[in-house]
Each structure stands twice: as C-alpha cells, then as structure tokens.
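Each structure below appears as structure tokens.
Shared between the two complexes below is subunit A, which has subunit B as its partner in the first and subunit C in the second.
Then we have the complex of A and B:
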C-alpha cells in the first residue's frame, strides 16, 4: 500500500502545472490534469451544440480540440443561452513582457470568436499588479506594459462596443474592491497555501492577490456595465494553468450568493523545440513573436521547430512522421483553417509520403499571414483607442 | 520632391498649430542658432540623423543639453552595441530631403522619410515651446512639442517620446525597451531615384539621377516597396471610408482575377460565378471582418475622443 502510494506521488511530481509554472518531464498529460482539476473533456456533441446555437462554423480551436476542457457550468450557460439568457465573457493577461508570442494570442483569438458568435460582452483584465509583485517590476513599468499589451489584444479584433479592458492598478476600488474583500473573507490562509503553494517567505502582496483575479467573474464588480443584472452568468476562456484561481472562485461564489463562473480551457501551445512545456517569453527561439519578420519566422521554423520526421529520407518514407511530437504539424493544427488540407497533410506526412520540409514551408506561409495581419491591425491601434477600450463607460449595445 | 518650407508652414497654419517664426542667416550648428534665437524663452533642439546596419533611419531630437549616448540607444533599440551611426550626408538630402544642417523632425512629412523613426526627448515636454527648423536652416520656429507630436502622428509617422538619458540594462530577461521604435522597413530609395530622374529641369539636377540610380540598384534588391507603402496606408485606411473600401476592393479583385483563368473557365463553365463567389467567401471573410472591426473601433475612438473633450451641456 505504502509503495503504491509513494509511486503515485512521484508520478504526480513529473508534471507541474500552476499559474506560475508549466513543465513536465514528458508530454503534458492532459487526462491527468483534467482529473486533478476536476473538469471534463469537451466532446463533439458540445461542438455541434455550439454550431446550432450560434449558426456559424465552430472555431478552429474547438474543431481541433485546442479548447478541450470545461467545468459543468458550461452546459448550464448554454442551456440558459438557449432560453434567451445571455452571459458575459471574462479573460485576461498578466503583462510581464512587451514581446507577445502566438501562445499568448490563443485565448484572445478564441475569446474573440466567442464574442462574435454569441454576441456577448467581454471584460479583459490586465493583471499589472500581479506582474509587479511576481516579476518584481516597478509599478510604472507594469502599467506601461499593460497598455502596450492592450494594443496587441485590441489588434486581435475585439469589438469596442462590447469590450471593457481594465488594468488592476487603474480599476481596483469601489464595487470591485468590495467583492475582493467579500471573497478574501471566505478563503483562509491555509486554504490559499493549499491552492497556490505560498510559503512563509512569500510577501503578503502575493497572498492577497488571488481575490483580484476572482472577482471579475461576478457581474456586480462592474456596476457601470451590469448594474442590476446580478444573475448574469460568466464564461471564462483561459489556459488550463489558470484553473486554481477559478476553483477558488467557484468555491466561494455560492457562499456570496453569486453564480459560479463556467470555464472553457485550452491546452498549451507547445514551444518550438517540443511538446514538454509551454512557450516561454524568456527564450526568443522557443516561440514565434507577433513582431517577428517573415524572415525571422522562416528561420525559426526551419531551425528550431522540433521535427517528428525520421532521421533519413528512406526511414521517413518507410515509417512516416511521428505526429504526436512533430511541432510543425501541431502548429498547423492550431492555425491552418482548412480542415481538408490538414487531413491531407496528416495522411501524407504520417505515412512518409510528404517530407518535413514541405510541412514546414506550409507552416511558414500560414504563420507569416497571421503575423502580418496582426501587425497591420496593431499599427492601427492608437493610444486613444486604448483609452476608449479602457474607459469606464456603459456599453449600451453589448448584447445586440 | 520634398515639400518646401513655405508649404510646411502653410500646413501648420491650416491645422491651427500655433508657432512663432524667426528668420536668420543659415546656421549649421546649435551654437550658431543660439546666437540668433537663444535669447527667446524656448528650448533649443539638436537633431541627429542616424542609421543602423540594416539601412534603417532614425532622427533623435533632443534638448541641446540632453546627453545622447549612441551606444546606449543602440542597445535599447535592440541593435546591439555600436549598431547606430550618424547617417552619411547624402542620406540627409536623399531620405529627409532637407539641406545639410537642417535635420528636423518636420522632415518626416516627406514621403521619402516615411519610414524614419523619430525619437523625441521627453525633456521637451517641460518647455512651453521648443525650436525646430521648418525644413530649412535659415529659419527656426518655436512651438509646443505636443503639437509637433500630434502633427506627425496625424500623417502616420513613427514618433515616440523617450527618456534619452536613461540607461536601463538590456539582457536575456530585460528586452530592449525601445525595440518597438525600430522601423519595419528600410526606406525605398527606388522611389526617389525615379522622381529625381524625371526632374531634368535644372542643369544641376541632371547629373544627379545617374549617381542616385546606380546606388538604388545596389540597395534595392532586398527591399519590398509594396510593404512599406502598405504600412503607411494601413492606419489611415481604417479612418477613411474611401481608403477602406479601396482596400476591400483590391483584395476582392485580386481573388476574382486569380480565379478566372482558362482552366477554371473550362472546368466550371457557367458555374464559375458560384466558384469565384465561394472562393471570395472562404479567403476573405475573416480578413474583411477584421478590417471592418478595426474600422468600427477607429470610428468609436474618434467619437470617444470628441466626447471627452466636449464640455457637458446638460445635467
């Protein structure tokens, strides 16, 4: 019994997933994560239901299982939507660096689709205070990064008449802070340590931070948007490593008389060098950045993208590529819109008829178009546009 | 051909930008300029025209006593140590289209200088007015730095306030803080050579085109002319309905033209219309939606700006 328990413990330590670290000795085991976090896989019936409810083709990230997990409340949100009860979206970013890579854009691309498909409002939280505390940035620098990141976020194509972007340093106060205190009162120090792993050496800023990320799930935190609409439900698209914050939130919500937020979670966008982690802003060659030139994209993909192809052309023709670990194919599954083309590549590359070079070339084309489009959109975002998105203003047409 | 001093001053007046004008003999240095306008209560500027190893250009405009360290700036821009040099004299004339000794932020209004990045000393903000040459060093005009900033932003130029004396560490965990100010393209000198080639008016100019075209043919091989044009236009196509529609029609036409060719006509015959229509939808929906959203956001922002500046009329 003892040996068995110990072995399980060791296995569990093989992968670490929390809001501040994602790493694993091997591939990330998503089944284990789902178990650990107590969520469920999204299945085809869900994707079909979304198609029926929204009347448009489900987003590529749903079709390709990028957003793959949820908690029970997601079905309730869809049930309510069918009855005519709307919801709002909440997502965010911790602005720790100016350099945004494709992995950062994924939740935003998906959220934009959700906003368009369901025609619902969205709040985007920039946790500049969190990064100030965890990454030891100055307050001024975190605020500046928040605004710079806001420009990239806006460039993803959010509708200003339905979107409120806020930075914690700007917005915390009033009804938002009242909710923070209500939440904080419900979470003991020991519980926080259990969820987030705080130690005696961590400063008190860190320990008091979690409520900040919890309360945007409650409509009463935004009186200028949802006043009087206390029963409005919240859907949070995020990467699965953010789950701890929202488990805490869902635990606290009923005690405060609030509805629990629903989550829809994505897997990690793998680093160029392989599947055992997520992209890391510290290593420029682990990721494609939105500021990369076409030449840099070509170079990075050709030089650093981990190939699942065999080591020689003969072996490759014989055995085909290992699509489980092949990065170019994985990236294409995230970004190549055309399902038929991806299927074709899966068959040809997997059987060895197609070579890695060809797959890489296709990927370079796809990524270049994506990055260029983002750059053009980003160039059109002015400081005044950021002010407009971040202004505490009513959004009269947010459900139309 | 670059615009003239008179044209620039006219434009400033048309945009109701207030400035004071002082004519004086030609001055080639800040000291010489100070002899004529130094007594006036306005910040004198020194203007450096710089170039990096990839032939991208920068103007660093600073208060006369702000220390500018090119090595530090080079690192902060992400160009490594020593990636930034003073640009050669020909570049002042060719890229900025101003005479020697007249380097000025205003030069950015010229098409040839459209991809020059302007770094403005944030120290300018502490002065009510600052002096700049209006494209010619026989005049100095003083105006509020915000007006200059807004004027250049309104023509879509890359301008930013920078703390020029700051010396932050740049390393693996600290990315270069000014990296965003590096232009995405080198200016396309091809354009200039074409223009000067047609100016066979003066005896002086005749000899120039030969020299310039020879240079352009060496430099132009790697440059994408289209791209730099697009970058300048894209921001205005979101504010101007005419340009916006032009963008859409351009993209749609490209697809239609690509689809209607011999083999497709043979294959689909009368159904070609449906095929082209599907292709348009498939290839353009996403992109046009993004364009339209940016257009909407830009319009909303303009309204928002107007709204916050408008004094409240009723309670």
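Then we have the complex of A and C:
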C-alpha cells in the first residue's frame, strides 16, 4: 500500500478505494462508498431528465448505471441549464502507461457523449506531474506518456472546437498556479491526511499534488477559455476513486468565492479475473487493451474472463449463471449497445438456457469491433491534431 | 510561533532562527548557528582571495564580516572562476510589506557588488506565493507588493543586461515547475518537518513551498537564460535564516544530477532597540525604512537606537561605551564606508572620549545620505524598467 492510504475496515470485509488503490476482498460495496463519500445514487428520474433536456437517448453508461453516483450540485447544474445557463466539463487521466485498457476509456466515452448532448466546453487534464511523483517515472517519460495518451483520448472523438487538453507539466503556471496556492492555503496537512491517507514517509510532492487536480474545477484557472465567465459551473465525470480530490475541492470552493464542482461518478470496470476491484495495470492479462489484436482479445476472454456459469452443463441448465460475478455478462453490460439484446442474454444466460461459451463469443465480437474502431481512430490522430487540442487558445465554438 | 518551527534550546539560553522567525533572549549566537547549520566562517584569506580575483577592494560587508559564513562549495566556485568558469548569482525577497527597511537592502547591496565584481548573471526571486501563504495576503496583494519591492531592488543599481527578476506567481511553470516536482520527490514530509518544523496544522501550501525556493539554484530552471549551461554553478548571497532552504537544496541536488549551490551568508541587521534578533516588520519604530524622511531618521536614531554608552557622562568617560551592544556603532559598522573613520570611532567611543550623541549624529548623517540616495534612485525606476528586468528573455551581456 504505497500511500498508507486510508482503509475502510469493518467486520471481516475490507475495501480500499482511493485515487491510488482500489481493492476489496469481496465485491466492491458501492452503497458503503456512497455513504462514506457523501454522494447519492442516480435514479431513473435523473436519466429521464437528461433525456428531456438533451432530446437524445441517454448514454448506455447512464441507462445501465455505470455512472451511478452524483451530488446535489449536479441537479443545480441541470436546473441552471434548463434556464439557459451552460456549464463546462472537466475530466482527466494520469498517464502512467503507454497503452490504455477499456476501463480507461469509460470516462472519455461518457464525457464525449455529455459534450455532444449538452454542447459544452471540456477541459481534459493529463496529470503527468502526478505520475512522475507516484510512479518511478522521469519528468520526460511522464510527458511523453501524456502525449501518447492524448492520442487515445482524441481518438474517442472529441470536438477540437470545444476541447482543451493540457498536461500539468505544460500548463501549470499563471492563473492556474495562483488557484493552486489559494486551494493549498485552505487545506491543513492533518486534513490532507484524513482525506488521502498520507504518511510522514510520503514525499512532499504527493502532499503538494491535490490542489493541482482541484483547480481545473474553477473556470478562472483557464483565463484563455473562461475569462469573464468566472461563475461558470463545472461538471466532473470520473470514476468514484477520484472522489477524495473533489470532496476536498468542494469543501474549499466556497471559502475562495468559487462555485462547487458537481460530480457524476462511475463504478469500476472489473478485471477479467473478477469483480473485486478495478484492473491492475501491472498484469496485461487482467484487462483488454486498446492495442490488443483480435486474436489476443479472443484468447484473453476465453482464457481469463471469470465465468458465473456452473461447473457442468447439466448444473448450468439447472441453476443458470450467476450474473453478479460473471465477467462476460458484466463487460457486455458496459459495451453492448442494444438494451433488448442485453436483456435477452440476461434472461437466457441467467436461466441456464445460454452457455458461457455463447456469451463469451458475443463479447469477443463486441470488443473486437470496439477495439478495432479505436485503433483505426487512433492511427488517424496526427501530432498536429495533438498540438491543436493542446494549444492554449480560446475555444471558438464553446457554447453552440 | 506561527510555524511550530524548530527551536534550539540549551540551558537557559534560547534562540530561534528559521526563515520565518529570528529571535533570541540574548545576542544571537552565530557560532552555534554555524555549527547547527553545518557551515564555516569566512576568514581573512577568503577576503584576500576575492580582492585578488576581482581586482577591486572587497565590499565592506565582506571586510567587516557582515557576510560571515559560507560552505565548501564557495571555494570550489572560486577555484573554477580562477580557471575561467563563470557562475551565476541567486538571491531573493519575500514581498510581505510595501516599504523595505535597511536590513532588507543588505543582501541586495552585497549582491550588486558581487555582480559587478565578478561580472556574472543574477536571478532575483520574489516569493509572492510564499507571502500569500504565510501572511494573510491575497494573491493580488502579494503580486502588487512583489512589483513594488522590485522597484526598491532595481534602485540598488543592478545591471538590467545581467539581471532577471521574477515573481513566483508570474514565473512558476515549465522547466521551473518540472524542477519543483523533481525536488519535491526527494523530500519526505518527515524530512521537511525536521528542516522547517512544520506541524500537522500547517496548510499544505507551506509544505509545498520549499521546492519553489530551492529550484532557482539549478540553471535548468531558467531555460531562457542558461539553456546549454546546465552545469553552471550557483552562488546564493542571503541572510543565514534562509539556510534551511538551501541545506535541503544541497542535500537533493546530487540525486538530481545537479551541482550544489554555494552559499555566502550574512548575520542579521539588528533592530534599533537592540542586538537580539533581526528587525520586526510589525513595529515601524524598530527599523529605519527606505521611505523615512530625514526628520524621521533623526528622531528614530535619537529616540530608539539602543546605546552602549554609560548612564552618566562621568561614568562614560571612565568606562567607555560597550560596543558589543551599541546600536549606533553597529549600524555605522554596516554603512560607514571609511574603515579609518570607523576605527577612529571604535577607539574614541569605546574608550569614552566620544559620547553617544556624537556617534548618533554621525549615524544620522550616514543614514540620511543612504536613504535619500535610495529614495532618489527608486523615484527614477519606471514601470517600463520593472517590465524590462522581469521580462522572460535571454540576458545579452551575461558573462562580459
């Protein structure tokens, strides 16, 4: 546990969810997380409202509860949107590895949908400084990975006229740094220990970092984008393990005269081996990477995807698959576009009429198409496009 | 003690010397500081060497031991200088107040001499971020004070073709920020507590700050000045209370492949009221400010300058003045240009032939000239000149 991060221990169960570690002996208990982090579950009325406001079918990640938690301010943002006030989106990535896996794509796929549906500007932070400090990476390697990852992010289809991608090593300074100092002044070391679980053996770079991830929540950190728009609200789509950063941010915002950012948070995309925790970047067989070939995808799914099916066909026909732990079904529920087909598989596989092999075959098809589409899109991303997304510039088409 | 800063307690004596507090029940014990900070006293052979190397009379702050301590690397820098290798100077100021007092001018007067004598470039850091975090100042007020203070610094006579002045709020970013991260990675929280005495109730802005003051010691923090000159040595003239920052810097430098900066450190300029500690910015009567009128100078010296003279003229004639505690004589030893005249006063006043009133009169003359000269020089500093010194630019005349 590199960070001495705070653990939640209760009875025999133990789960750790923080920006640097997600693990659990059993399934992640999201109800407990929601309680611990002080957020709320998204309900059907919210999904209906998004449909009404945007005039388009809500993303499957909304319909299927992948993005499942939020806080009060999200409704305020939608209230304001309904009255004609726009907002901006903020998401990010810590560029710790060259190749992204499917779990990494989820916030970006969802953010792209939000950007299109609400027609709002978006800032994407690449925390190369964080990864340089947490992983044993040089500044140069972190910056290189940030740029490589930017290509995968751009390949998700963002609109360059509404999107500013920046790396911390490139962008920290000026108004952004001023806000870092303002935030840092509001957080004692003891408070940071309470939120992030730092210990005395952690280096002061780690302790300095939370304000860096906090300040993109404030429009004044981006004078070239939001000058004169200091009251613009910020909506952050992210995985729920990032919540500590934004609890701190939301706590500090009013003391600086800033609006609190709203969050919409996803559950974790599980490892092929099972549903406890999110994927482990250290084990290539725990995840499908966007660089995997069709053959690798087929092999990984067939060999490693944990099945909730029974140990014999006879038992399977009798008891059906345990969908709560079945990875092929979980993965389909993230990526299979058609609700009816997913419902069909749920019924047939859950009752035992469909076998694991059939479900895995369908998943292999779905993932192969997804990965091949991403690979083609990424191959088309030029260095000039990266420069264009990362240029410090006004966004000409922000709110149209 | 706002910082929980580390105190050195021994027997009945107590002295506190750190970047945020200098105080002592008795006279500051510099031998103890030198021991504690691991530096060495400058000796006459060093002063002679500077004379030989520069071909000009060493500054009175050297001759009179105002700058009294250094470390091994200073000799290395002079060895290299003798072989034809230049170095650069780095000093700075925390802009916490509008008006500077005489104590604030000392490092700048000395640095100006070093710049002229060695013909080397100079970077001057205005730590507006530090003052924003330590004092109850807004970002905007800290930036304003930095610019005001820059005018006083420029008025000391620096050569714009060899001098880069920057404020942290303006300049942090890019290569400078990269070095901040590199330094922060090398310093654990426990280590920072050992050096700076932080407590859990200190905000994380304070804990983040030491790397900001460390990295101007590394030429790669200034690519517009020293690109391709990564091995250039750095010499830091400063008051000895800044030593903790540079002990940390010197500790970290080799781990980053950087040269250690060398230090040349001054004792403190005493308050009018006496020799324990340096001046208290909170009490306007404890110091002569560069904004004081001749009348104010006369009044302050006559009314507040602690005298080592005896309580009656009779006793004074008999025992002489105690020069160890006499503030008028101390001040003259900082600012009276002529060695012979100072020697004369030392003898005559110390033996009781000269009275406190006469010494104070001479001091008033000296300070009035000094302050009036500074006031005139500062009045001539335009906003355009400040912009010129603070422009991020190559220095055309760095090593000539």
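Here is the rule we go by: the second predicted complex is superposed on the first by the 387 of 400 C-alpha atoms of A that agree within 3 Å, B and C clash if a C-alpha of one lies under 4 Å from a C-alpha of the other, contacts with A are read in each partner's own complex, and residues count from 1 in each chain.
Just so we're on the same page, contacts are C-beta pairs under 8 Å (C-beta built on N, C-alpha and C of every residue); 3 or more make two chains touch, one makes a residue touch a chain.
Here the structure is a predicted model, which means the values were calculated and not measured.
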Mind working out whether A:388 is in touch with subunit B, subunit C, both or neither, as first, second, both or neither? first
Looking at A:254, would you say it contacts subunit B, subunit C, both, or neither? Reply first, second, both or neither. neither
Of the partners subunit B and subunit C, which touch A:38 in the superposed model: first, second, both, neither? neither
Using the touch definition from the top, say if A:293 reaches subunit B (first), subunit C (second), both or neither. first
Just checking: does A:379 make contact with subunit B only, subunit C only, both, or neither of them? Give me first, second, both or neither. first
I'd like to know which partner A:98 touches here: subunit B for first, subunit C for second, both or neither. first
Tell me the contact category for A:204 with respect to subunit B and subunit C: first, second, both or neither. second
Look at A:194 in the shared chain and tell me whether it touches subunit B only, subunit C only, both, or neither; answer first, second, both or neither. neither
In subunit A, both subunit B and subunit C touch residues none
Residues of subunit A defined as touching subunit B within the complex: 97-99, 116, 148, 154, 157-161, 282, 291, 293, 337, 373, 375-377, 379-380, 382, 384-385, 387-389, 391, 393
Where on subunit C does subunit A make contact in their complex? 129, 132-133, 139, 168-174, 177-178, 181-182, 184-190, 192-193, 198-205, 207-208, 210-211
In their shared complex, subunit A is touched by residues of subunit B numbered 153, 172-173, 175, 177, 179-180, 184, 230-231, 234-235, 238, 286-287, 289-290, 293-294, 296-298, 300-301, 304-305, 308
